[in-house]
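Sharing a structure, written as structure tokens. Questions coming.
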Amino acid sequence: MAERDDFDIIGKPLVKVDAAAKVAGTTVFADDVVLPRMLFARMLRSPHPHARILSVDVSRAAALPGVVATLVGRELPIPFGILPVSQDEHALALDKVRFVGDPVAAVAALDEETAEEALKLIDVDYEVLPPVMSVEDALARPAPRIHEYGPHGNVHKEVSFDFGDVAQGFAEADHVREDTFFFEGNTHLPMEQHAAVGSFGPDGKVTLWSATQTPHYVHRALAKVLEMPSSHIRVIACPNGGGFGGKSDPFGHEIVACKLSMKTGRPVKITLTREEVFYCHRGRHPVAMWIKTGLKRDGTITAMHFRSALDGGAYGSYGVASLYYTGALQTVTYRIPRYKFEGARVFTNKPPCGPKRGHGTPQPRYALECHIDKFCHDLGLDPARWRIENTLAPGTITANQMQVRTIGLKECLEKVVAASGYGDKRGRLGPGRGIGLAGSAYISGAGLPIYWNAMPHSGVQIKVDRGGGVAVFCGSTDIGQGSDSILAYIVAEELGIRPEDIRVVTADTDLTPVDLGSYSSRVTLMTGNAALQAARRVRAPIFEAAARKLDVPVDRLRAGSRRIWDAADPGKALTFVEAVVLAESEVGTLGAVGSYKPPKSVAKWKGAGVGPTPTYSYSACAVELSADRETGIVRVDRVWIAHDVGRSINPLLVLGQVEGSVYMGLGEVLMEEQVFRKGLHKIPSMLEYKSPTTLEMPPVESILVETLDPAGPYGAKECGQGPLLPVIPAVANALFDALGVRIDEVPITPEKVVAALEGRYRGPRMPDVRYPETVAVPPLEPAAPATVQETRR
Amino acid sequence: MDKIRIRLKVNGEEREVLAPVHHTLLEVLREEMGLTGTKHGCELGECGTCTVLVGGRPVLSCLALPVECEGREVTTVEGLARDGVLHPLQQAFAELGAAQCGYCTPGFLLVADELLRHNPRPTRAQIAEALAGNLCRCTGYLKIFEAVELAVSRMGAAAGAAV
Amino acid sequence: MMRLPPFRYLAPRSAAEAARILADNGPEAMAVAGGTDLYPNMKRRQFTPAVLVSLRGLPDAARISANGGLTLGAMATLTDVAQHPAVSLRWPSVARSAGLVSSPPLRNAGTIGGNLCVDTRCNYYNQSEFWRASIGYCMKKDGDICLVAPGSKVCWALSSSDTAPVMMTLGAEVTLVGTGGERRIRVADLYGPDGIQYLAKKPDEILTEIHVPDRAGWSMTYRKLRRRGSIDFPILGVAAAARLGAGRVVEDVRIVLGAVHTSPVPAPDAEAFLRGKVLDAETIEMAAGIAYKPAKPLDNADLSYAWRKRMARIEVARALRELAGLPTGDLPPIL
């Protein structure tokens, strides 16, 4: 099936099923939801980065005309959090506030302005505590603790693993190099601000509409905090106006909207201002990284030791996973026989960090790809050739027991090198101009769910109507990437109909089977596989009925454009509707379910839950830039990006993700950064937090590589996050080619470039982390599978 | 809160609402008139998401007062299609995948519409300049440029055919 | 949503009437032109006027005429100024600076008068009410100390107009209409001593017109430094105009820096140095080294103030190189 090329729909640049609604402006985003008698809520937030709450008095606010209800932390005492190991959040702060912007109380009123006025009438008595504003701070000041959990002080989590005795590896090396890098935090900045409408009905059930990427996780959090059965709570994820990982935590405002609705018996809407979106954050962790590699003279790596220190912000969020991600994927691209990873995440009094496009892997990938160029420089090796020669073979199991399946990295690198002319241009573009290269990998969905369970990660239900209409139900959430369309394309292809004949119903916990959500680039692969299974099951009686009617063996039937015909005699045909009517008459109402669960990982160490995936995607990027020696201003002139997408279900959508990823990578390396001064976010606005405009975007040449991985539907892998990763180090490497200076931190700003040119650039320093005792992970038994296998069930 | 009577011509229709004078055009369109096609990203004039046309010119509705727009035609994304038929720009955006999450799309469409009315054959650089006040976080702008160019070629062909 | 505070909205039919309303209401009333600067500040509660006095209804307030000199109605939009054929041809730095303000939709509403009078800005001032309450208020609004220069007795909010430095290089004047009558002053005299008292005009005075003399024979330019090519305020502006004689001898020259202080900063010493000399690479470098000294950027805008100070010298040099027809050193356009 993966080798077929005669598809009707798969591989075609079709319009998305929701494109017309989007261009007409009729898509209903969360803030567009309007219900009768709806109230409007606002939340009061902490003005202190760290403080104990002594008392909260809402009586004056409650008395303001137009205010219908108030809410304080003690009315929602049950904690929640995305990860089971860090249920450390309250919808409204209970006894402590931990960052400027931490929600403390809420008011629902007849209109938003009244609710805002009422906030000024809430009296909160704080006992201010000293704030911790950096990793160094957190390590130096173990007390007062921000949270009462974690191994010690303000450390949230720390790990140390040795896969294969790196000391031995370094002893064998001809050359050892170590580097320190720093990647500043940045945020998602989706165009749509978070919004939610909670509605408590006369039947005692709660419905929540929300701009969330993960309705299933929100559903679980609501059941826990509201102490209601899940079956009486309905979460509907509205189409997101961009997510990028910023809308994949359950949020306090979602719970507050529901609770206020329960208190008032009326729907309650909360829409966040842009500044409040910065306080939700859950963005890219600032990470300090140290990397040491041992190499033979010919460039073969003998060992690699990697350390990371993450500034987690005020709550756990996905942070434990983020920490593991900073160590997990270094090994899945090039050969690294012995590997040691040490990592630590600390709490600080800043908005919590979480998953942003690439989730904990762009930072170490940046470090690794710059480090590679540096050691190539040391050894006189060509950086392109080193990468190409050292890529892993398909089916490799890495030192840290990650299973590689197909790997298109070599092809991506070769194509990008050829298209860009990297070999001819490096070192030869003239003063102030340079070219740089990088490779990368990403997961096509996390191998494990957020909470441990043995159930599918994605379920799809299909209903076929005797009029020929088909409805596809799935819990997945379209955040702009086109996941609704992918479902329609796959089901249409399998049934032989058109995508426009299909009603896609998604992201409704009452109506749709569970899908874990739009994060970790899991959606095409996991919902796609579930949809394939469901489609083939629902198709069976229809094709059998058609085969009987046409008197033809079932495997000689072909279907497309709403017809089913005999491959040996195409004139012998039925319409899809005719076949459906026959089937429904024979077997009864038609419908089927499909599901998907990733294969078990081969890894056998604690913490190995993060990193495995059904299959990795791969990318390579070359960047050409110009840099002004006098001012330090850097301008990217052209980008070449190649991405191993397995198979493009819709190349238009894939290219959209590739180009969008390049855009976001450029933004991060050149201008996006979270800045804190005097205990709070210095630039919580779309003006001061810089995201590139149309004038900053260079031409991009995108090359899609198809390795047709059996793990994915029609061979498809992810494309929504992977292409971002190589862009950042490619720019850093290009800058070195242009100006001969290394900026070992992100973002690369003009002042840093000027400092480097003048010999004043210090470079980042690794914080003084005491990592825990190393766990020496024994290698896998040799009987473990080492070949690429069919993994669908 | 004191309200005033506001008369606006929106998408070709005379509309009258009662709203406080300090409610912006963005708020009145969305909250009084139910025209939720106009979106908001910051309400401070920093992102371009709320762009509408007033008197045929792109302005940020979050910084416009309805009382300042009386007597001038207001066009929102809802006014681009004619009798249910998508405008060539909308058609092109849909076909080329220039609308990913679609949240910034109404603003981009209206700015592009005005551009093509006074410059029917813009260069790529002119398109980028005209759209430089609108931010998009999904697309990286490239497919938006291509969609505008596709609409240009189709509208030019149609104009040629109509002659 | 961020929303405006309530206000009464008045639309007087003459500048005199507008001035009278402002005088009658004192600090409770504010004039509004395009609103693109005032409304965001009102949403963040830098200002909460009970009365807004719109200048929209003033007759001929947006007219642009170019007979001999240039007269710009203060309510002319920045787009109209930037695209006006006579302005582009005869006062190109006026067109360019107007065309670089903010972004295209904002320029369709923002006015030339509004840009000349734009409020001074600072990282610690242009923030929401909540943010400012959290960090502690500053001298410019509700507080006592300057958060970028805590020892300072004056406010260091940054002059953020693109057009003001240009107008000063061209010797422009403005007409002010107040309850005391009408007067005309140089743009150079429009600005006040610090970030709070940033305008020298009386509170009830309305700026109605800008008059730019005919500058035939002058070369002129404006360079704007900002992180992105659109939307951002200037973090440095350099306006330069020169009348060059044979052999590129400087007959007269004006240089004014924007966004380096609480008001635009002229560079009379650099001008004096250049007069009578040939404008070449060497004299340009020396003049830039003199002109940039008074620049005092602080942590009141994007990017480090040390880098912005350094850029002031570089940008003055590049502006003068433009006037001299020498290559600027700017990155060539992407092919």
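Should a chain be cited, it is by its letter among A, B and C, assigned in written order, with residues numbered from 1 in that chain.
Basically, contacts are C-beta pairs under 8 Å (C-beta built on N, C-alpha and C of every residue); 3 or more make two chains touch, one makes a residue touch a chain.
Values in this document were obtained by computation on a predicted structure and should not be read as measured data.
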By mean Cα position, the chain sitting nearest the middle: A
Interface with more contacting C-beta pairs, comparing A-B to A-C: A-B
Centre distance in Å when chain B and chain C are each reduced to the mean of their C-alpha atoms: 29
Mean-CA-position distance for chain B and chain A (Å): 31
Distance between chain centroids, defined by C-alpha means - chain A, chain C (Å): 43
Of all residues in chain B, the ones touching two or more other chains: 1, 40, 42-44, 46, 129, 131-135
Multi-partner residues of chain C (at least 2 other chains): 1-3, 229-231
Junction residues of chain A, two or more chains touched: 113, 273-274, 685, 687, 693-695, 699
Complex interface listing, chain A residues touching chain B: 13, 15-16, 18-29, 31-32, 34, 113, 188-193, 239-244, 273-274, 479-482, 652-653, 655-656, 659-660, 662-664, 685-687, 691, 693-695, 697, 699-700
For the chain B and chain A complex, residues of the former touching the latter: 1, 30, 34, 36-44, 46-47, 49, 76-78, 80-81, 86, 90-91, 93-97, 99-106, 109, 127-129, 131-145
Chain A residues touching chain C - in the complex, by the definition given at the top: 45, 47-48, 100, 112-113, 116, 271, 273-275, 432, 626, 628, 630-633, 635, 637-638, 671, 678-680, 682-685, 687-688, 690, 692-696, 698-699, 749-751, 754
Contacting residues of chain C [partner chain B, same complex]: 1-9, 11, 35-36, 39-40, 43-44, 54, 56, 79, 102-106, 108-109, 229-231
Touching residues on chain B, where the partner in the complex is chain C: 1-2, 20-24, 27, 40, 42-46, 48, 51, 57-60, 62-65, 67-68, 111, 129-135
